[in-house]
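Mind looking over this structure? Questions follow.
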């Protein structure tokens, strides 16, 4: 089983060696299960250094759960969640949000993956009208599914809009590290300072084995979250092995190095593609994704050696993700292959 | 952070070194995420060697999910699940089965944790009566929450009863390895051969870091399970790191060694307690648990150095679990401490 | 299609003529649908005269919905509801409470249908423990499924117990009129004055065609109930035809006359049965039900001419319900038939 | 309380006198509750004469429930329902379909309320892909929310499309009588003959007090519907009072007369509006609705005496519904008022 690196997704990568090492270090003796252990307390403390003392933090297994349970904590079943039509929440969760929360998703067409106040406003009606699912949450993804990044100001504007309607701002931060690095900010600037109420803080796509954190910036909202998590089938028994990964990810700025590298590789790939001159890049390259349009006949041939996904069958738009372990050589080979295929 | 071993739960233990090694071995290069990778194919094949070719196998993160989603696959919301009043499903999941499946749990008082045909029969009525949640599933735990073990014949009898009512038999096998070792059988004897329809095969409590398998012995029932798992927030992206743990657990009979050791330690503990002569053991010691009644004032003192749970506050019954890493010295020290406390 | 009266259930009866008349009276012209009409405002006012100005009142179609949605308004999915094992909520709703609210029902064996503080207390634990569905609601049925009646003091005691644990008291009042008449009290004495938080006020079994009211005594709890009702599929469009029934039921004390008559008939039936001397009555006859044990071979013969239900197949306990339209002649004939069957 | 007729909705009307009479006629003696009575058997037989012997028919209280429970019977929670973005199901049920079925709604922009095969096809992908809610049901409304009507051929085409993907066709027939009359067909032509799998047959908007029928044309799909209905809180106890309404609606072609009259009145209104010459009618007038654009300042003035709803705040499009009891005089007065307001 020899596995090479491709551009399919940052979750096709393995685990960063420092994370693996951390798993070893905490594998000693017995500790209380389900999170009442010193490693979990430390993991939470480490996150609080980045997100603020006044946060409430819970670990879950994966991103689907982080998003769905975070939203569940903020909503009743008769509420609605406003999100991009391209949001992972909307298109890639097999209906998990609807099933688990009962909420309706109200989507806004957003070609670059970013919600705008104007787009959101088309759903800001029907308040108090019992026939209408009540808008309660706005959900943004940072960085977005299209590899773009909200500025702190853009987030703040959406948060203010949400709060002015007594709504909450949820952020799917599966790739928030890539966004922070892209913007050159710390995490607070694009979360607590910008008015985010609850965040899914992603670890898996940035080099962890598994594990995401649900971070509440409003303690009112998390009061019952421990029950939400347990009933939501997301309370891990040997919790220390999630917690220790977060501690390792935050130590020595590993989170930043990993994200910076992935972003750099996306830039490098985009530059080489642009230089090659035959392929149109369709989205601003702001994080670790490059979207491009390929001639349809070329796609399957290119996929033979480098696995990646076709994003849009009709327009032949493809998505290339870079990750913490992508190398320049990977990209050089990849672009060489593209050039070869074009040359035929 | 120094962690010693106690008797609180087998999930207070860490990860067996062979399992950790396996995580290292598969941490190379990129593989497709969400289970479409060679390590996951191998993990499934390895399990099929134990459970039969004609099974359908899915990995999830934890036991709550294995049980709840397995039951979801077999039921509609208007169905009922018959289980022991002590079943983990009933008392320790914060209502996850009801929330996620909509089903009603019909419980049978069962002091030793084991369902009996007679106990089950008191709920086998109301079929076809629309006011009554329709009995659809019988769920047994093997080994039980009380450390007892169903014989193959007992399981078969319950399975036959279930099938004679067009119902299914679900087995919570969080500790099935301990049961198989206790009975001296292989897994098939107490699952497929005995008529089990779906099994939660536990890994975490037997030395894994995380991960359980949902094993269907009836392919009709699993047809849509991939959607159930995804919508149920239990599809791991870096799946290889669950799969490889299962392969390692099954290689070189690690599963058996771990379970045998835990069981032996429970026997050793029980013997020493019996020899000491002051404490009543309340359940047959058939797997890796010892239940005993302690003088109330002694409990907190004993807990100071050895963490364990009080099972029943009223009767002062406590539970001591042994695990794959429990040592004779742990037990010797523990019993010595008990004797010391009694001596005062 | 000639239909005679039996003793199967008070919902086998038709509609009281005054109620039918009321339907005619409001059947004129157009009014706004979904409850924003003068008849509905009047129906609510009429109920407030009985239950207090500081109540919040909503009409739904049936008792299942009144109970389930009332409970939904008071709970999150990780909560639990404590009720009698004989509660309609538990045994006759095909799992509707679990499906719609996600809550677990915690049942208390209660041979006479009445919860007691001691019975409730066995479930008052696990607060704050995330593995345990959190007890949130106590639900009592007044009059009970066994034809017994809680005294105001008994209700108050249970309400105080509930509130001392920050829980709520829900009352299934499908037959609350029968209880009030039995006790010689008004409605407030056994609801708001006794600490009930939300009540299902039954109309159908007391002579209405359809329609129940969910009455909140705590406005905090009903804030979002209009959405709960709509999403719960229980917002009637031509609402005036529910509302007008309630106004008619409350006008000229029709509710009291109907209930008093039904109760009297149960007493009359019980007296005649006792006088006949062959049949054991098993429950105190406090409302409009008589429970009795019959020789098994006699039951189907008696059912030929008078339909009723066997309550307990094993003990041959049967249930006879009287209703607002039961006559002395019905009972005389019924008891004569019984005597004839015994004489053979 | 004097109520005049307006154009807000056909559910602002009262009950047709023949329906009320029918309620009287069945109000005699006791019959078994929950639908096991002769009136319900007759109501079902009467519907079968129109829809075919090989149908399975269930009564529920209202249209929300008919649609939601009909869909629940055809789906698992990981399925998706394709419908018009204007479907009542999507915009007017406070998220009831999502909450109760767990399904995702996939909407198609459809300015005239009608789905087209091309519109549907944009959602016919992702089959077998576990991240994607699986398309399972297409739902059409007949007549549509915009007062337009599908031809039998159009329905057949959509049904064939559905079936070719192993999907089902659901029809929201809240106003199916208006559609049948508009097309000059019987019910079968636009339901069973056209490939509809399950129909919500509307009674309330066509002169009944309450009650809708869920009609299955595929007995496989309804096998468990009695449990779905009961758990869905929609099993009426005094069922005869729904059943008798359906019998009355079908007797002497009352359904047809009522619908024909409402349709005629819409035509009459449209003609007069067109003749007046100042107002643009925006939709084909094919059933009992007229959509028109009014000058914004005129709307509240016109609403003073004639209540109706603004359909689209931005475009000032309003909706006028006619019903079985609308009179020519109502319309004459209404149009006169419009002309007066324009003349100022």
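Order as written gives the chain letters A, B, C and D; numbering starts at 1 within each chain.
Basically, a contact is a pair of C-beta atoms (placed from the backbone, for glycine too) under 8 Å apart; a residue touches a chain by one contact, two chains touch by 3 or more.
A quick note: this is a predicted structure, and the numbers were derived from the prediction, not measured.
Think of each touching pair as a link: the shortest run of links from chain A to chain C has 1 of them.
Interface comparison, B-D versus B-C: the higher count of C-beta contacts falls to B-C. For the pair chain A and chain B, the distance between C-alpha centroids works out to 33 Å.
Averaging Cα coordinates per chain places chain B and chain C 42 Å apart.
Inter-chain centre distance (chain B to chain D, centres taken as mean C-alpha positions): 50 Å.
Residue positions 77-78, 93-95, 99, 102, 130-131, 133-134, 227, 230-231, 235 of chain D are each in touch with at least two other chains. The touching residues of chain A, counted against chain B in their complex, run 1-6, 8-9, 11-15, 20, 23-24, 26-33, 37-39, 42, 61-65, 68-69, 93-96, 99-100, 204-205, 209-210, 227, 230-238, 240-241, 307, 323, 325.
Residues of chain C touching chain B in their complex: 77-80, 91-95, 98-99, 102-105, 125, 130-134, 313.
By the touch criterion given at the top, residues 34, 76-78, 102, 130-131, 133-134, 224, 226-231, 235 of chain B touch chain D in their complex.
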